[in-house]
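Two complexes are shown next, each including chain A; its partner changes from chain B in the first to chain C in the second.
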Partner chain A sequence: MSRPVGWTAALLACLAFFAALVGLPFWWVLTGSVKLPQEIIARVPTMIPHSFTLQHYQKLFSASDYPVYLVNSLIVAAVSTMFTLLLALPAAYAFFRLRFPGRALFYRTILLAYAFPSIVVLIPLFGLFAKVGLVDRLPALILVNVAFALPFAIWMLRSFLAGIPKEIEEAALMDGASLLAILRHVMIPLIAPGIASVGIYAFISAWTEYVFASVLILSDAKRTLPVGFSGIIGQYQIDWGLLLAGASVAIIPVVALFALIGRGFVSGLTEGAVK
Partner chain B sequence: MPQSPALAFAFVAPALLFLAAILGWPLVQALALSMQDVRVIGSPGAFVGTANYERILAAPEFWRAAGLSVVWVVANAVLQTALALSAALVLAEKFPGVRVARTWIIITWIVPTVVVVVIWRWLFSTSGGIINPLLVQSGLIERPVGFFATPWTAMATLIFINSWRWFPFIALMILAGLLRIPGDLYEAARIDGAGTWSRFRYVTWPLLAPTLSVLAVIGTLLSFNVFDVIWLLTAGGPAGGSRTLPVLIYETAFKGYRLSEAATISVLATVFLMVFAVIATRTLEKGEAR
Partner chain C sequence: MRTMLKAALAGATLLTPASAGVAQEKIELKLWHMEQPPHRVQRVQELIDAFNAANPDIVVTQEPQNWGEVYAKAPAAISAGQGPDLLFAIPDFTPILKDIGALTSVQDFVEELDAKHDFVDSAVDAYSYDGGVWAVPLYNMAMNLWYRKSVFQEAGIEVPTTWDEWKAAAEKLSADGVHGIGLPANKQLYTDQTVYSFMVNGGATEIYNEDGTLRFNNPETVASYKFYADMHKLSPADSTSWTWGEAEACFSSRSCAMVLQFSVIATYDSQAEGDANDLGVAAIPHAEGQEGHHTISYANAVMLLSKHEAKLQAAKKFVSFLLEPENYGRFLNMEPGLFMPVTADGAKAESFWSDPMVQKYRSQVETVIKNAENGRLFGFTSGRTFPSIAAISAQNIIAETLQNIVVNGQSAEEAVAAGQARMEDVAR
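Now for the complex of A and B:
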């Protein structure tokens, strides 16, 4: 299909606009993090760095607690992802295939979890965690992150399961496979891309969570990256080089994850949304 | 398929019990808290019935925050949807690199909020930064503007930043709706002599409208709850100019140590959202039935 020249020009202009809107901020942060301080605050911003230094990164990793925050965040996000998948997979399969009383009601109630402001449960949860000694411990954050990722995870996995042709499952049943065997050897391998998508979703939401981590964690050594890093923002006389380096490092894990399985995530997100 | 309900329950029970414990039970407790007088976490409080509700509903700060929340939600919805719809229309075209663009546009949404905050604090900064120097250079302004210095510019800047973070996510949802529209419909419209605009107006728009309205409801719920961007950039300021309801709840609970009042505000906010969600879903269902 050929397009008129004017149309192509308009498309190109729109593409350039969105590429700039999304890409330029990241470009300026990444390049800013390797500029010398005087170039960072220069009156005339430079597109391509004229200087190169790793001093901001050195300071970030030696003079601040940033590495501690980074490790805490990786632990919380990885463990949260694992538990989200462990809980969501059987639940999604049950909601998709199995019959039990209250199925529709339970499913709708789970989706309702999106309709209330999460900050509502913050105050009572703090009291609850204080009673069982979970305040100021990373498992508290894992519990919260799993709870917030779970409804979406169940919803998305269910729509992935719905995309599997019924014949495949029936054929396995005819061969005398048990329900668990079907789930393990047929369904799970077939929705592997869906599982990856949900995993990314759970990882990202845990990786970026700020509010609960700021209230439930009290000691500096247990802070996650969003909270610890926001502390660095305020604690120094604004040191842009340090902040830009910190921002760049915080981008790396999600970008790496996304480079590996990002394409599946996007198609999973969009396919899950329309069913 | 032959199967016992017991097995099904074994599958769903872990997830359900977990959600009940971490989300459901605290929700009930928030309700109880709102009818007591508790100030600091853990301290006992007397039952006060609806006294908190009467006080909050009479407080001007509450209504101011509620008003700002409405401004926040509506402005975000308009800006986000406009950006998302145009981005989705571009991404629905075929061009070299379209798959890469579809994947990486969402980068604004996958980085931590605190990174978004650093990025835009830096770009909008008055010392160095990018936007002020560019504006000064181009002669639009004489000296750097403090974007976060006055209530209205702070709110507008925050809305822009939040929409920037969320529009790619919405764009991908819209894109999914766009890609479902059968190509033959466009072909038929073209044969009938429809131009680009009428193809959009009479084919794309009617078929996309249901997706857009569902997204409007979800988007409203999501953006109402946004707290961290606002808190980290302006902390609700200046002069309370960006103190939306979530910010007010957080301040009341953790800066003012009035837990019960915070719980009351959050229960009221939940009721507002639920009423909105129910009305919106009903309207959508009616629209579909027509």
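Now for the complex of A and C:
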């Protein structure tokens, strides 16, 4: 059965519209970052650059601490993601498989972490971290990022684990595998798309986290990208070229991550959705 | 004799590390400022390096912060014992730290510096209340009217001096896709500043009565808002979300014929045509019946936070160093054309006027300095400074009042009355 031509055209137009809606801002940022300053702010915007320069990138990497912020962000996001997964996997498996008193209550309680806006816990957390010498140290951010990503990660992974047929686990048990061995050698490979989804979620959460990073970090050398970059841009006078170049570079790690495990992420999303 | 010599040598040997230890004990000062753009950080570092080299017993380090976070971050850091020894400030930031007991008056120090450098009175006034002076003024920023001389000439327009002339000029310049004026209407500090620039020229300078009650809701304030809302109709549609950068871009791209801004010099020079002869700057026009031109001015200052006497003295030494004419110009010119001197000798300093950008735009800079002499800041006028101004300013109630008119369609009378109610609410 073939689709009417009019219907196909309407569908394509619709798709093109939404693709443009999502893609044009990225196109604008990327092309703007290689335009001359005068063209960036020109009264009549140019979608195709009439000029080409790398001066904004040059300034970004040579005259600012952007590379330092970038490295800090990569460290914080990567380590936060790793710890989130390392903690969420056994926790999710425990909530899924083990029977212990208060399991259902604990499972629901962990989501209470999202009941408090981060700004509410910011100052008490600052005082706490100051007492243990964690202020102005990247581990403080990793700790916070993991704490805030963990509840959702556990919930999501548990729903993926619930989708694995029980017979597979039983077969492993029959072969004498321990719970940890089942998790490591059976369940983890089977929920790889779910792990990819949670990993991307944890990475992006840490990559874009602003509130805690802005207060818990005091020195320039320890700043992460969102905070450091907002300072580079300036308040009264904005260097638009620098802003666009910095924004372009900032999306690269996220795009790279999606490119690497994007297929797993999409598959993970759909699998999680039908549980 | 030999034994004595040995003993002396042994004593000297024992003393040497101790002496070296004393010599190595340096006073460490942490400076927080909010001048984060790389070129400003670099200039501050150059000055710090020069100071550290000249004062081997003191080590100053800088930790640039962001205005967006420092209001919450500084009190938290100070409470946790992680705060700075020197912290840059604007007038409405100081009461917050004063209220938590982080500040001691620096009146004597300011008087000493005043005798030497002669501070602009309004700069000191903004930090003088409750029987003390709570910060040392460092630089000034004042709002001005920026335009292109050639655009005015082509339209046959003289520089406006009154509101009627201003409106007529903006209307005449609104043609061929150009907006006669670019005014913000965002709920943000920039709008607070531009609205107050109208208010001071409309006879609505004071927002407090002498007894601390609010007098925001008065006919002069209402008239100022009405006029602002009228002028805003000639601004771009997206100006309801503008901050300073968007206004500058609008002017630089010739989309706006006039803007109110502290300075457009750097952007005009790097992102527009950069023709110094064509860049016009004037005092903000005043309402009919009012006399003299006024503007909003922000005297930025530095607060000395250390309770440790040796550190406090070292911090004073550093501030004195910055205000010395041979250093002061370099400090101000971390952003040429934006930061203006707050001392008489600083305004004449060779180090200030020798900067290539300042030389190029000398006439504009001179006008800006002159305009700043009539600077006022809401909540810091006529000695009527009350702690609630910090909350009023932090919540951008002046800008919110404007949004109620231009976005929510309230009348100026309704919006100003609601604005006063909000101010009274947050002041409690």
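By definition in this document, the second predicted complex is superposed on the first by the 265 of 275 C-alpha atoms of A that agree within 3 Å, B and C clash if a C-alpha of one lies under 4 Å from a C-alpha of the other, contacts with A are read in each partner's own complex, and residues count from 1 in each chain.
What we mean here is this: a contact is a pair of C-beta atoms (placed from the backbone, for glycine too) under 8 Å apart; a residue touches a chain by one contact, two chains touch by 3 or more.
Given the structure is predicted, the values throughout are model-derived calculations rather than measurements.
Superposition of the two complexes onto chain A shows a clash between chain B and chain C.
More residues of chain A lie in contact with B than with the other chain of the pair chain B and chain C. In the superposed model, A:A42 lies in contact with both chain B and chain C. By the touch criterion stated above, A:L11 is placed in contact with chain B alone, chain C being left untouched.
In the overlay built on the shared chain, the residue A:T208 is in contact with chain B alone; chain C does not reach it. Touch criterion not met for A:W27: it reaches neither chain B nor chain C. Once the two complexes are laid over each other on the shared chain, residue contacts for A:D239 go to chain C alone; chain B is not touched.
In the superposition on chain A, A:F52 makes contact with neither chain B nor chain C.
Touching of chain A by both chain B and chain C, each in its own complex, is seen for residues 40-43, 122-123, 126-127, 130, 215, 227, 230, 233, 238, 240.
On the side of chain C, the complex with chain A involves touching residues 34, 36-39, 41-42, 63-69, 72-73, 76-77, 79-82, 141, 177, 243-245, 248-249, 252-255, 262-263, 266-267, 270-272, 335, 338.
Within the complex formed with chain A, the chain B residues making contact are 1, 3, 5, 7-12, 14-16, 18-19, 22-23, 25-27, 29-30, 33, 41-42, 83, 86-87, 89-90, 93, 95, 99, 101-115, 117-123, 125, 127-130, 133-134, 136-137, 164, 168-169, 172-173, 175-177, 179-180, 196, 211, 218, 221-222, 224-225, 227-228, 232, 245-246, 249-250, 253-254, 259, 262-263, 266-267, 269-270, 273-274, 277. Residue ranges of chain A in contact with chain B, taken from their complex: 7, 11, 14-15, 18-19, 21-22, 25-26, 28-29, 32, 40-45, 87-88, 90-91, 93-95, 97-101, 103, 106, 110, 113-128, 130, 143-144, 146-147, 150-151, 154, 173, 179, 204, 207-208, 210-211, 215, 225-227, 229-230, 233, 238, 240, 243-244, 246-247, 250-251, 254-255, 258, 262-263, 265-266, 269-271, 273-274. Taken in their complex, chain A has these residues touching chain C: 37-38, 40-43, 59, 63-65, 122-123, 126-127, 130-131, 135-136, 214-215, 218-220, 227, 230-240.
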